[in-house]
Structure formats: C-alpha cells, structure tokens
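The structures come next, written out as structure tokens.
First subunit A sits with subunit B, and in the next complex the same chain sits with subunit C.
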Partner chain A sequence: MSRDLDIKVHHLTRVEGHGNIVVNMKDGVLEKAHLSIVEPPRFFEAMMKGRSFREAAIITSRICGICSLGHQMTSLVTTEDALGLEISEQTVLLRKLLVHGATLQSNILHAYFLAAPDFLNVGSVFPLIATHKDVVLRALRMKRLANDIADIVSGRAVHPITPVPGGFSRIPEKAELLEIKRRLLEEGLPDGLATIETMKSLAGAIPQFERETEYISLKHPDEYALYQGDIFSSDTGATPVSNYLDVTNEFVVHHSTSKHAKHHRSSYFVGALARWNNNHAQLGEEALAAAEAMGLKPNCYNPYMNTIAQVVEAVHCILDSVRIIDKLIDRGLKNEKPNQSPTRYGRGVGSNEVPRGILFHDYTYDNKGNIIKANCIIPTGQNLANIDDDMVKLVPELMDKSKEEITLNLEMLVRAYDPCISCSVHMLEVDFIE
Partner chain B sequence: MKPKIAFFDFTSCEGCQLNKLNFENDLLDILKHVDIVEFREAMDDKADHYDIAFIEGSITSPSCVERIHDIRRRSDVLVALGACAVNGGINAMKNLHPIDEVRETVYGDDKYLFATLPAMAVSAVVKVDHEVRGCPMTQQDFLKLLLALVLGKQPPKYDSPVCLECKLKENECLYNRGMVCLGPITRGGCDAVCPSFGQFCTGCRGILDNPNIDGMLEVLTTHGISLDEAKKRMLLFNSNEVQL
Partner chain C sequence: MTALTVIGVGSRLRGDDAIGPLVIEALAEQTDSQLELVDAGSDALGILEYFEGRDHVLVVDACRMGCKAGYVEAIDPAQVDLILQKDPLSLHGLGLSEAIKMAKSLNLLPHDLKIIGIEPESIQFNGSLSAPVQRALKMVVNIIHDELNRVKQLVEA
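Up next, the complex of A and B:
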C-alpha cells in the first residue's frame, strides 16, 4: 500500500528515562523507524576514576533507581574478581535472595503499572483504582512484599545499604527471614497465582507479532541463571563472561545517546524472554505451569510476550526465595564480617541477569584499590538495535491500521522491553587519558 | 479543591520517583488529598499548570535548562527532590574532570554530537521553594513535606548531624571499625539509616550549614585518617560544594 506516515512520540511515557519513537514512511517506503534515546549522558565511568573499591558499588547503584540492586550485585562480583576477594556460601545465598526480591519487584511493577494499562485502554494505573481495585491492591501488596525482602536483607530497596565488597555489613535475623517466608507462602504465592489469572484474561490484547532474533542471557549449570553463570547465545552457544566484549560489540548511532550492540546478527534480545528461551527447562513445575496457562511457549519470538515471561519469573522468584530462606536457616545464620582484604589488584569482569537482561561491569584497580578504568554494559543499550529491527518489520505489517493504532502498537512494543533508559545512557566506554 | 501536583525527572536514576511508586501502603490515601496531573514514569497525562511541581535530577544539558524554565513558569511551588536536584549529587562528580576531555574520551570523533553542561543543582537555574534531601530521598521525608504543603504549613528543616541520630540509636561508632564515616558533618533527617545497617555515612544529604569542623578533625586525627581521605569521600555526593 502506498502511504505517507509520520510518527513522533516525544518522551514516551511509562518507561524509565527519556526516549522518542520516530517513524517516517513516504509512498509506502519506510525511511526511518527507530527509538531515539534523548536522555542526557551521565558519564558514570568517568566518575569512577580514582574511587575506592569500597565506593564502586555505592556509585554504580546510582546509575539507576529501578535497577540499583542489579548494578550493586554486579559491581560487587566485579570488584571481588578484580581484588581476589573470596565470599562465603551464606553471602551467595543472601545475594540470590536479594536478586529474587528485586526481580519480583521490577517484573510486577512493569507488568501491572507500566504494561497493563495498555491492555485495558487507560493511560496509567491510576484509573484502574476505580475499576479494578482488587487487582491494584494485589499489585501493591506484591511490590510491598518484594520491597520488604530488600528492606530487611539490604537496608532499603532503592540504593541498598548492606551489600558490600566481600559480604554484608549486616546479617538479617532468623526471625526476620522466617517472617518473609511466611508472607511469601501466605500472600506471595496466592497473589502470584491470581496474577497468572489476570494476565490470562488480558492475553487477548497482546499483539501478534513475531521476529526471530538472537537471544542472549546467562546460563548456569545448576539453576535458572539470575546470579552469575556463562554467557549463552541462542545462535552460538556458551562463552565465559570474561569474553563479554566479543558479544556486545558496542557502537555509536546518531539517534541515541546510548550505544547500540550486536553479536551474530544485526541485533540481539536480552531480558526475560531471552532467559525464558535459553533456560526455561531449569524452571520449576509451578513456573512452567504458569507459562503454559498464559500461552508462553518455548521458543517464543513475539517480543510483546516479554511481559508474560516476567510474570513467569515472578512465580519462580516467590518459590525459589522460600527454598533459599530454608537453606539459610538450615545452615544456621552466622554473623560474618565482609572479607575486604585484597589478595591481588587488577582487572575484574562480572555479570548478572538483572530484570531487563544481562548486565556487565568491568573494572581495573591500581595497587591501592582505586579504580583506573571502568566499563558498564547495560541491558537496555543491548536491546536498542533489536527494538529498531522490530519496528522495521512491524510498521509495514500494520499498514491497514490508523496512525493512532500504529503509534499505540509501537509504544507497547517499546514498553514490552521494559526499557531502562537512565541505565542505557549511563555513559559509553571511557578510556582515561593519563 | 485538591492541589494539582506533578513529577518531573531530569538527569538522575529516577530512584526518588520510584520511591513514590513504592508507597504501597499509603498510595491510595495520598491520592485522596492530591491530584497527580503529570508523572511520565507512571502515566500518559499532561497538564498546563501545577500547584506543586516536584523536580528530580540535575540540570546537565541545554535542553534541561529550557525544560526547567518552562516548568517553573507554569508552577506555583517548585520542590527539588533528592540529592541530584538539590546540589547535583553524584552527577556532579563528572565536574571534577575537564568537560571537554570527558566528552572526547567518551564519544571520540562524535564528541559534539550530544550537548553537555556541568551537572548543576536545580536552584542554579531557577528558584527552588523547598527541598527533600538524600540519595534516595526517604518516603517519610517526602510525605512530611507533602503534608506540610497541602496543609499550608512550613515543612520541617534538619540542621543537626547524622552523628546525633546515630548516637540516639546507640550504634557502635563506625570509626571504631576503621571506616571513614561522614556522619559528624552531614545533615541528618535520615535516622542514620546507613550506619544503623553497618555502612559508613556517604554524605548524601549534604554538608551541614555550620558543621563542627574541629570535632570532625579531632575524630579523623584520633583514628589516623588523613583530611584528604575524608574530603575525597565528601566528593561522592557533594562535588559542587566541597573544595579540595
């Protein structure tokens, strides 16, 4: 169909950070379709120069409020790799519990507050208070539970306090963990199951669109990888985290203050859907049943289904948190002090799955434990090229729809990736000129 | 009539905004007393005039300057939310490096592609009526201010150090554990949350107007910590205010 189309969504709402959608079509030929990132650059790696290893995670958690725990965890494993700091099994378990809490919080926030309003034809969650009060209250309750895990284990949900290099500055009490476990089972699980029913009822509003791409996530031999593992590509298989630069291949594009990334194709997908496609076999039967109930199958090539994969992960996080708490209590909580005595100084690379996808930090320390060079590669930055490629395929498929419908479909597409734009323009790689 | 309030984000992590979405227990009560007319992170709606505009983040580009002027023009009361908005916060650490050098090392040949300014407090560009400090701001602080504004009262001010609140909680002094803690000179109001969880005070609420410098120097000397080390830590959240 020969058609002119000019779409510009300035400062897209219900996403973290500032982005514009730009589409130009002339006589039926698509000239431009991309997400333009207009968030001012942050220059985080520049700020890191000369800072102590005790401050690195405090600084990088400020890359993003929504992802602060993920940045902090990744910063800590990177520093520990660089300085040769061994950590205890208790530290690993407490960190995994925190990662589950943060993933639950973020996935629920996205599914209910940022994505669901589109399925119900409203502009935000606020009108739903009048029409769907029980659903809104359930979402708030689940968020509160997830944030309480963070408050109890890490001091606070936004910019956590207790996770420090080598361990924790405070160990939670047994009674506190048992209370979380009780609430996970009595509130979290029923709310999680009810969420599946809600999402099932909204599934008809999820656009049918498919584009197979490369899916990249961590992979762990023993569990559904969220905390550490190897890099895994659906195209090329596994590679160690230390080879991350061969995977991310960042490059500057003029329509974005955040760099783009590509690996085996022109773009790749990171986030819940990539984790689902690569690692679904390692989920428990409850999470798999949730996926089946909501129509999420392996392998899924519909990016809009990322939101559904997030809900599946929410169920996983609730149940696995209970298992982790049981393990911590069976072992007996010890009042361990963090190990902050470096055994070497040099370069370290760390990676975790954060709610929006695979995250890499890379620091080099001098022999006083101060940072010489830092690099952080963010999930949203890695997804930007994939979003643009989706738009290029999607727009021609929507030609029989009105401009408003096309715009809504594009907005929903970008929101499905749950982009975190503050993160993605944390800054590009800096090589310090000495 | 309920006051019309709006939230705007500039250069920041949006964590202070997120803390508002984290009012799980109070959100519905808050909405009984105010109309949220603009909040891009959570809703589509836009408005022309605001009784109270809450600003998060630093001013770091020419487009930020233009936008904050526009918001100020349309707002009766303007509040800076969180360290980035109040004094530049962690963003201001980039001001410690020559801006052209940072730009060139970042973007290489494309160094003039994206306009950048030194990270500034909102008050460096437009008049700020009230502030909520901290990184992140605490929900209690925000609620106290909101309540005062809705009731037409003066919001609370904090002019005692974190150290005082820490002592009242009977915490062990972190200097005894070898940490460089900024509690003695940092503005309180946070209930000494970091030291209470075993972590040093990072100074995120800003340095007191009249800090007890002699007392701080005595603490540092007693524990064998150099003034330079303490100043370096102060730069974390106070680069726009501390002279090296």
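Up next, the complex of A and C:
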C-alpha cells in the first residue's frame, strides 16, 4: 500500500523533560519513526564533581521526584565499591525493603495512571475518577503504603535521608516494622489481588504486537534481582557490573539529546519485562499465579506487556517485603552505626534494578573522598533505541488504521516503557540537522 | 496539635524550582508545634497524602503566572484554572495541577487550601536561586507566619 504519513506529537511541560514522536512515511516507505527527546542537557559529571562521598547520594536522589530512591541506592553501592566500605546483612535487608517500596509505588502509579487510561481508551486518569473512583482510590492507597515503607525505613519518603554510605543513620523500630507488615498483609495484599483482577479485565485491550529483542537486567543467584547482581543479557549471558560500558555502548543520534545504547543487536530492552523474561523462575508462586492470571508468559516479546510485568512485580514486592520484615525481626534489630571509614580510594561502579530498568552509576574518588569523575546511565536512555526499533516494525503493521489510531498506538508504546525523560541525565548538546 | 500544614514542592537542583523546599528549610529553623512542615520534593502527587485530616494547608511552589520574577501570589485553587501539564508520555505529566485536580474530583481538598506561587526566573538544571526569588523567599516566610497566626486564632475561636 502506498501511503503518505506525517505524525508529529509534541508535548510541552512546565518543569520536566519531554519527548516527541516523529513518524514520516512517503509513498508507503517509512523514512522516519522515532522518539525524539528534547531537553537541555543535565551535566551529571559537573553536578557530582567535587562532592564528598557523604553528599553524593543526596544529590543524586534529587535528580528526579519519581526515581529518587533508585538513584540514591545505586549511588550508595557505587560509593561503597569505590571506597571499600563493607556493609552489614541488616543494611542489605533494609535496603531491599526500601527498593521494594519504591518499585511497588512506581509500578502501581504507572499501571493505574498511565497505562490503564490507555487500555480503557479514555485519554487520561481524570475520566476514571468519575467512572472508577474505587480503583483510583486503591491506586492512591497503594502509593501511600509504599511511601510509608520508605518513610519508616529511610526517614522521609521522597528524598530519603537515613540511608548513608556504609549503612543507616537511624534503624527503624521493631514496632514500626510490624505495623508496616500488618498493613502489607491487611491492605497491600488485598489491593494487590484486586489490581490483578482490574488488569485481567483490561487485558483484551492490550495491543498484540511482538518484536523479539535483547533483554538486559540484573541477575542474582539467590533471588529475583532488584538490588545488586550481575548484568544478564538474554543473548549473551552474565557479565560483572564493572563491565557495564561493554554492555551500554552509548552512541549519539541526531534526533535526540539523550544518548542511545546498544549491545548485541541494534537495541535492547530494560525494565520489568526484561526482568520477567530473564528472572521469572525466581518469583514466588503468588507472583507467578498473578502472571498467569493476566496472561503474561515466559519469553514475552510484546513491549505493551511491560505494564503487566510491573503488576506481577508489585505482588512480589508486597509479599517479599513481609518476608524481609520477618527476617529482620527474627535476626533481632541491631543499633549499628554506618561504616564510613574508607579502606581505599578510586573508582567504583554500582548497579541496581530501578522500576524502569537497570541503572548504572560510576564514580572516581580522590584520596580525600571527593568525586573527580562521574557517569550515570539511566534505563530510559537504554530503552530509546529499542523504542525506535519497535516503531519501525509497528508502523507498517498499522497501515490499515487511521492516523489518529496509529498515533495513539505509538503513544501507548512509549508509555508502556514508563519512560523517565526527566532522568535522562547523561546527555550531550546536539545540533538538529533536518 | 497541628494548626497549619505547609508543603514545599519542587526540585532543589532546578534553580528557582527549589523555592518550595527552601521555604520549608527556612521555616524549620523556627520550630512551632502547631506548624507541620513537608518537603514533598518533586513528587507532586505525594501532596495528596497530606491533605487528609487537615483543614488548613499551604502549598509553596514555583508557578508560571506570566508575572515578573519573584512575584508572589496566594492562589485559591477553587478560583483559578490550573493549567494541566501536557505530557501524556510519562508519569511526569502528573504535577501539582493534576494532583489538585485529582484531589478536587475525589473530594480530598482541605477546606482552606492555598497555593503560594512564586514566579521563577529560571528553572535550569543545576542552577541556583535567582536574586528576585531569593528576595521573595523572605516574603513567603512572612506570609506563612501571618497565616499561622490567623489560623491559630481561628482554631482557638
């Protein structure tokens, strides 16, 4: 079919970054299909240079209101790697609890407020308040529970203050943890199960589109990896986090101020669907049952199913948080002081799975404990090339649809990746050549 | 017992957008048991959690009002149209306007809610507070003290 198509979706925002979808087809030949990112560069290195190891995590947690905890946790493990700071098992458990809270919050917000309006074709979350008030209130209740986990463990929900290099400056009380456990079981679990039912009812509206790609996530020997592990590629297997530059291979494209990434193919996928594809066997039976109920199968190549993988993870985070709290209490909470005595100075690399995918920080410290070099590669940046490759395959498959329908499908595709354009900290200034 | 809740919204890394958190920091130096202070950072949706069970709430944020930089206005959200952010591609589309619109539809708005808006000069990343907004900071702190006194009298009466 020969067809001309010219789609430009421009979005303006007050504070945060934004992306534009550009599709250009002439006489049925696709000339252009990509997500262009237009935001001023962030200069992560300039922001971090000269900062002491005590400040680094606080600064990075302020990069983004949505991803603050992910940056903070990754900053801490990076500093500890660089300075040779050993941390206790209790610190690891408390951090995992924090990561679960942040993952639960972000995944739920994405599923309810960004993806569900797509599946119901209502444009935004606001029409849902009138028609599905109980569902919106459930989403806010789950966000609040996740926030309260962060509040109790980290001192403050959005910009956590007690997690510091080497440990925690304050250890939560046993009674506080037991109260969170009670709410996880009495509030979180029923809400999680109701979320599965809601998503099940919407599953028919999820576009059927498949493109197999390379899936990259962390992998941990003992558990579904969210905090620490090795880098794992569905194409090439495991490699240590210290080799991340061999995986990310960032490159500049003309249509985006954010760098793109590629590894074994022209692009790769990071995020909940990559974690599911690589690590689903390590989930508990409840999370696996949730996946089955919502139609998510192992080796799923439909990017729109990322939202469903996020909901599966939300169930996992609720239940695994209960297990972590039990473990912390069984061990007995110890009033430990953080270990802040460096045993070396130099370079450290850290990585965690944050809600949107694998995140890397890389710092070099001088012998006074101040940063002289810093790098950060965020999940959304790693997904950009994959989104473009999806668009190139998707647009020709939609040729029998109207321009409006094609636009909506492309917007839904971008939203399915749950992008954090605001976090695209690793940017260059690029002159656009059209 | 809390009489007045003040919520600062904004990113400390984005120039004048830091005004919300910085006002909270300035107020924290003078503790008053009847004043509840919240630094919501740039998680605007998080402010909904501080609406419940509160009668008197102030939200402090940098606002584009088309005025001179440093201009301060107490905005009653019921009286104005808050412009929604047109970013349907990411969760960042849920900003302060969206949070307040959502609270309105869900009947979660405190009966006395005002936004103290400060016109920014620049919200460039990694910038510091501009001179006009630095001057506005003191004015905002004074407005909040007056408001606290007014609310205390209301609560006592």
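We adopt the following convention: the second predicted complex is superposed on the first by the 418 of 434 C-alpha atoms of A that agree within 3 Å, B and C clash if a C-alpha of one lies under 4 Å from a C-alpha of the other, contacts with A are read in each partner's own complex, and residues count from 1 in each chain.
Definition applied: a contact is a pair of C-beta atoms (placed from the backbone, for glycine too) under 8 Å apart; a residue touches a chain by one contact, two chains touch by 3 or more.
A quick note: this is a predicted structure, and the numbers were derived from the prediction, not measured.
Undergrad: For the three-chain model obtained by superposing on subunit A, do subunit B and subunit C clash or fit?
TA: Once both complexes are aligned on subunit A, subunit B and subunit C clash.
Undergrad: On the A-aligned overlay, A:Gly19 touches which partner chain: subunit B = first, subunit C = second, or both, or neither?
TA: second
Undergrad: Does the superposition put A:Arg170 against subunit B (first), subunit C (second), both, or neither?
TA: The first partner, subunit B, only.
Undergrad: Just to be sure I read the superposition right, which of the two partners does A:Ala205 touch: subunit B = first, subunit C = second, or both, or neither?
TA: Touch partners of A:Ala205: none, neither subunit B nor subunit C.
Undergrad: Based on the superposed arrangement, let me know which partner A:Leu109 touches: subunit B (first), subunit C (second), both, or neither?
TA: both
Undergrad: Of the partners subunit B and subunit C, which touch A:Gly155 in the superposed model: first, second, both, neither?
TA: first
Undergrad: Which partner does A:Leu178 reach: the first (subunit B), the second (subunit C), both, or neither?
TA: Neither partner.
Undergrad: Per the contact definition in the header, classify A:Val414: touching subunit B only (first), subunit C only (second), both, or neither.
TA: second
Undergrad: Quick check on the superposed pair: does A:Phe126 touch subunit B, subunit C, both, or neither? Answer first, second, both or neither.
TA: both
Undergrad: For subunit A, give the residues common to its interface with subunit B and its interface with subunit C.
TA: Common interface on subunit A, subunit B vs subunit C: 11, 13-18, 40, 42-43, 46-47, 59, 62-66, 68, 109, 113-114, 123-126, 129, 140, 143-144, 147, 156-159, 422.
Undergrad: Per the contact definition, I'd like the list of subunit C residues that touch subunit A in the complex.
TA: Within the complex, subunit C contacts subunit A at residues 11-14, 17, 39-46, 48-49, 64, 83, 85-95, 101-102, 105-106, 123-126.
Undergrad: In the complex, go through subunit B and note every residue touching subunit A.
TA: Of all residues in subunit B, those touching subunit A are 9-19, 21-22, 24-25, 27-28, 31, 36, 39-45, 60-61, 63-64, 89-91, 93-94, 96-97, 101-102, 105-108, 110, 113-114, 116, 135-136, 193-194, 197-199, 202, 232-233, 236.
Undergrad: Would you mind writing out the residues of subunit A in touch with subunit B in their complex?
TA: Per the stated touch rule, the residues are 11, 13-18, 38-43, 46-47, 49-50, 55, 58-59, 62-66, 68, 109, 113-114, 117, 123-126, 129, 140-141, 143-144, 147, 155-159, 161-162, 164, 168-170, 252, 254, 257, 422, 427-433.
Undergrad: Can you list the residues on subunit A that touch subunit C in the complex?
TA: Residues 11-19, 40, 42-43, 46-47, 59, 62-66, 68, 106, 109-110, 113-114, 123-126, 129-130, 133, 136-137, 140, 143-144, 147, 156-159, 411, 414-415, 418-422.
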